[in-house]
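Please find the structures below.
Two complexes, one shared chain (chain A), two partners (chain B, chain C).
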Partner chain A sequence: MEQKLRQEAKTLLEQNKVDRIIGFEPGSLKFTATPLITGDKNDTERLIINPFIVNNLADFLTGIEGRVGIVAKGCDSRSIVSLIQDNKVARENVVILAVPCPGLIDLAKIERLVGKNRDELDDITRDGDKIIVTVDGKKKEFSLSQALFDHCLACELPTPQEYDILLGEPRPPAPELQTSGQNITKLKETLPTERWEFWKNEFSRCIRCYACRNACPACFCQRCFVEETEPQWVMPVPRWQDNLIFQIVRNIHVAGRCTDCGECERVCPVNIPLRSLTREMYNMVDELFSFKSGMDKEALPLMAHYEQEEAEDLFR
Partner chain B sequence: MADKKVSKKDIARLLEQWSRQFTVFAPSKESGVAAMAEWDGKDTGFLDWYRNTIIPPKASFLPQMEEMFHFQKGEEGYNIKTPPADERSRLLFGVRPCDARAMAIVDMTFKDAYEDPYYLSKRKNAVLVGLGCTNPCESCFCTSMGTNPTDQTNVDLMLIDIGDEFLIEEVTAKGKELIAKTKDLKEAAKNDEAKATQSKKTAYDRVTRKLDTEGIKDRLLASFDDKEYWEQTAAKCISCGICTLLCPTCYCFDINDEMVKQEGTRFRSWDSCGFPNYTKMPMENPRQEKWRRVRQKVCHKYEFYPMTFDVIACTGCGRCIRLCPVNWDITRVIESVPDKAEAKK
Partner chain C sequence: MTQQSDWKPKLLGFLCRWCSYAGADLAGTSRKKYPANIRVIKVPCSGRVDSLFIIKALRLGFDGVLVSGCHPGDCHYLTGNYRARRRIAITKKFLEYLGVEPERLQASWVSASEGGKFAEVVTEVTEGVKEVGPNRLFSERKSNGTEAKTGS
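After this line comes the complex of A and B, so read on.
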């Protein structure tokens, strides 16, 4: 798959079909990949595909001019489609290099499973439905549900539906979709007062780095409401109340756009389980409007279109 | 005078003793993220998991958010009420050498032409008890940045891991005084010094990431206008605040008023030059494009700080590398800065 990707990417640049390629190259730490954004055909030799290509590359599309060839896993492709729906990206300006994705390895889970830090591990590989971690020369086997990201266990579209070049055999969705994840299920069993305490505690440590927002392709506002000072919707001071309001509003703003790629939770440096909010919103959007974001580029954006017949008086 | 030592299992007793005189801070995950937190009187579990905190210990002196004063509009202008200065004597237990050096670097700014009372009131009475690293991270590069995993330079006391015990190195007068008053410490045995030397060497050798900073100030000066280089360098940055807010030497803060009717509070809180609306309050951020902000971050640490204070404002703690959502690696960037001959204008 990697060889095909490198060849296709190189050809796209050589034939001047794109100005830039967005993909992944090896990262500088063990078990990491890092985004590669380049217009140089020689750089395409560095492109990789492996279980650690965690970033949602669609995030870079709105900041880039010209035509772009982009490596897309299922979730990335849904974000691209969502951006097309919102008129943020023109379909003819992107060449989607589709990666059928078997799920990505969650290093935080692996660390908890083996009780070691990621840089203390010798190797992490996948063999069919097993993830094999080598620690101190010994191999340990884990199941996919133990080792993959929660959002990968809930993935409905491992292979992009919208693409230009398919890089491998399409993969079916996971047989047993774990649509909510343990955190959400547990949270839903608690009393509202307990849940309030839970979130108060979680948001107390938010440092307002905005990595959740900036890593999110659906958060494409040129100017975020948190940065407005007249009027000031929310204080830029990292108090739990303001942090919580920021995240709730962000969540509502991405309703119908969030594709459950899990990036917000992954990038959070202080471990706030943000996907427990976004996934719940995703499920609600599905239940209320039968809408799954990023599945159909012809579909009108859920929250950004209006029809005369709609019953709400507010918009008439 | 021979060195003292303390058993790892007696650390709780030691901290308990010190708690009578100081507000003791120690590494903790209680909040859900590793940080220096007020010691709860019993937890020494950090001895098992602690490599470094996510939240740098600068937060003990420059909190994420602090109230500067309260104001109320009166008949003749504003009445200002300043909260009492927080002059509690803090003892930070377990500071890593990289972070201790970082605090010495931040001190330079807060003690410069303007003395910052909020920071200095907390800092001046603080005792730093360092804890030498035994297991540096893959992202650490302290040995290239003027310090090392067991460097005692910027702490009052330094603890070196010698197996079941820590050898205590008394560094400053403050540290010596504290040890003189501390009970139940053991005298170091003859071979403890040798064990400490070995422990230091092992830790030093485990820092495998190296960075050559020779001539970096000049290279950055030469490449300042190389837009192509900076655009390429900044391409994958997502402009979040992780690498700056969680950097132990970054000290920028924002000031905000929260006002209801005629009264309110002025806060300051961490800010980041990576944010598009940084320094927006006077007018506009002169660094609208991302590459200019990324350049600022790099230059401030490796060019401007050396120009002002003769020291690079980076200690190789590696947080920015470990925590970056896109693996933007400062060491790779510094290595790739063009020199005078290569830089494009």
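After this line comes the complex of A and C, so read on.
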């Protein structure tokens, strides 16, 4: 798959079909990959595909001019489709290099399982449905549900639906689809005051670094409401009230664009379970308006169309 | 929830300039009685109401928010209220999931000729908010048990 990607990327640049390639190269730390954005065909040799290509590269699309070739996993491709729906990206300016994704390995989970820092691990490989971690010359086996990201375990679309070049065999949806959202179900069983208290506690940790917003491909406003000063909607200091308002409004603003790709939760430095918000919003939009974000590039954006009769039970 | 006997709910209404605001006017001119707990902001269209406005109102300590516009199909701008409907539906459901009592965000369609309906809606919304009590969502509980208002 990696060889094919390098070949295709090189050809695209050589034939001048794209101005830039967005992909991954090995990161400076062990078991990491870092985004690579390049217009030089020699750089394509550095491109990689492995279970650590965690970033959603669609986030970079809105910041790059010209035609772009982009490496996309299933989740990334949905974010790209969502950007096409919103006219943020023209379909003809993107060449999607589709990676059928078997799921990404969550290093934080591995570290917790093994009880060691990533630097102390010798190797992490995948063999079918097993993740094998080598520590001090000994091999330890873990199941996929132990080692993969939660959002990968609930992945609906491992292979991009929208692509130009497919780099491998298509893969079926994750088998654990049904069990996703256990946290949400548990939360829903509690009283409203308990739920509010839960989120209040979670957001007391928030330092308002805006990593969630910056990593989010759906958050593409030139100017975010949190930075407005007249009126000042939220205070810039990280108090839980304002942190919570920021996240609630962010979630509502990206409703219909958010594909529950899990980037916000992954990048959160204080581990706020943000997917319990995004997943619920994703399901709610589907339930209320039969709209699945990032599935159909021809569909109008959620907030740009309507049906004559819908959601009337919520109005007097 | 403990309620002080002298507590009166404070409501904020976002009323569309073409229908509901005129409806509220009609309620006044035809001397309909409704609770005086509502403060009204005139908006050009119910589609102008961002979820941010609603949440900010709750943050500032309003006990409930009412968004009201033209009936579906009657929007002065043709589709503004359809868009508002999607946005408000999402906001309402999402806030409910987070733990905000559903009574605190209400929405209605009131036309310029429905002064009576406006009075009814405000009465019902006020009653609903009275039932769930004062909005303490964003208040800080201090260790000695007293509360400090934190509205900015």
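The working rule: the second predicted complex is superposed on the first by the 298 of 316 C-alpha atoms of A that agree within 3 Å, B and C clash if a C-alpha of one lies under 4 Å from a C-alpha of the other, contacts with A are read in each partner's own complex, and residues count from 1 in each chain.
Methods note: a residue touches a chain if its C-beta (ideal position, glycine included) is under 8 Å from a C-beta of that chain, and two chains touch if they have at least 3 such contacts.
The model shown is predicted, which means the values in this text are computed figures rather than measured ones.
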| item | value |
| --- | --- |
| Partner chain(s) touched by A:P269 [first = chain B, second = chain C, both, neither] | first |
| Touched partner set for A:M1, first chain B, second chain C, both or neither | neither |
| Chain B versus chain C as contact partner of A:T34, first or second or both or neither | first |
| Partner chain in contact with A:L300 - chain B first, chain C second, else both or neither | neither |
| Which superposed partner A:C221 touches (first chain B, second chain C, both, neither) | neither |
| First (chain B), second (chain C), both or neither touched by A:A108 | neither |
| Partner chain(s) touched by A:M235 [first = chain B, second = chain C, both, neither] | both |
| First (chain B), second (chain C), both or neither touched by A:A211 | first |
| Contacts of A:F60 with chain B and chain C, given as first, second, both or neither | first |
| Contacts on chain A seen with chain B and repeated with chain C across the two complexes | 235, 239 |
| Chain A contact footprint on chain C (complex, rising order) | 51-52, 55-56, 59, 72-73, 79, 82-83, 85-101, 106-109, 121, 124, 137-138, 150, 152 |
| Chain A-facing residues of chain B, complex | 31-33, 51, 54-55, 64-65, 135, 137-139, 235-236, 238-242, 245-246, 254, 256, 258, 267, 269-270, 272, 275-277, 280, 290, 321-323, 325-329, 331-332 |
| Footprint of chain B on chain A - complex, ascending | 27-30, 32-37, 55, 59-60, 63, 117, 119-120, 201-202, 204-205, 207-211, 213-215, 227, 229, 235-239, 263, 266-267, 269-272 |
| List of chain A residues in touch with chain C within their complex | 187-188, 191-199, 225, 232-233, 235, 239, 241, 245, 248-249, 251-253, 255, 280-281, 284-285, 288-289, 302-303, 306, 308, 310-312, 314-316 |
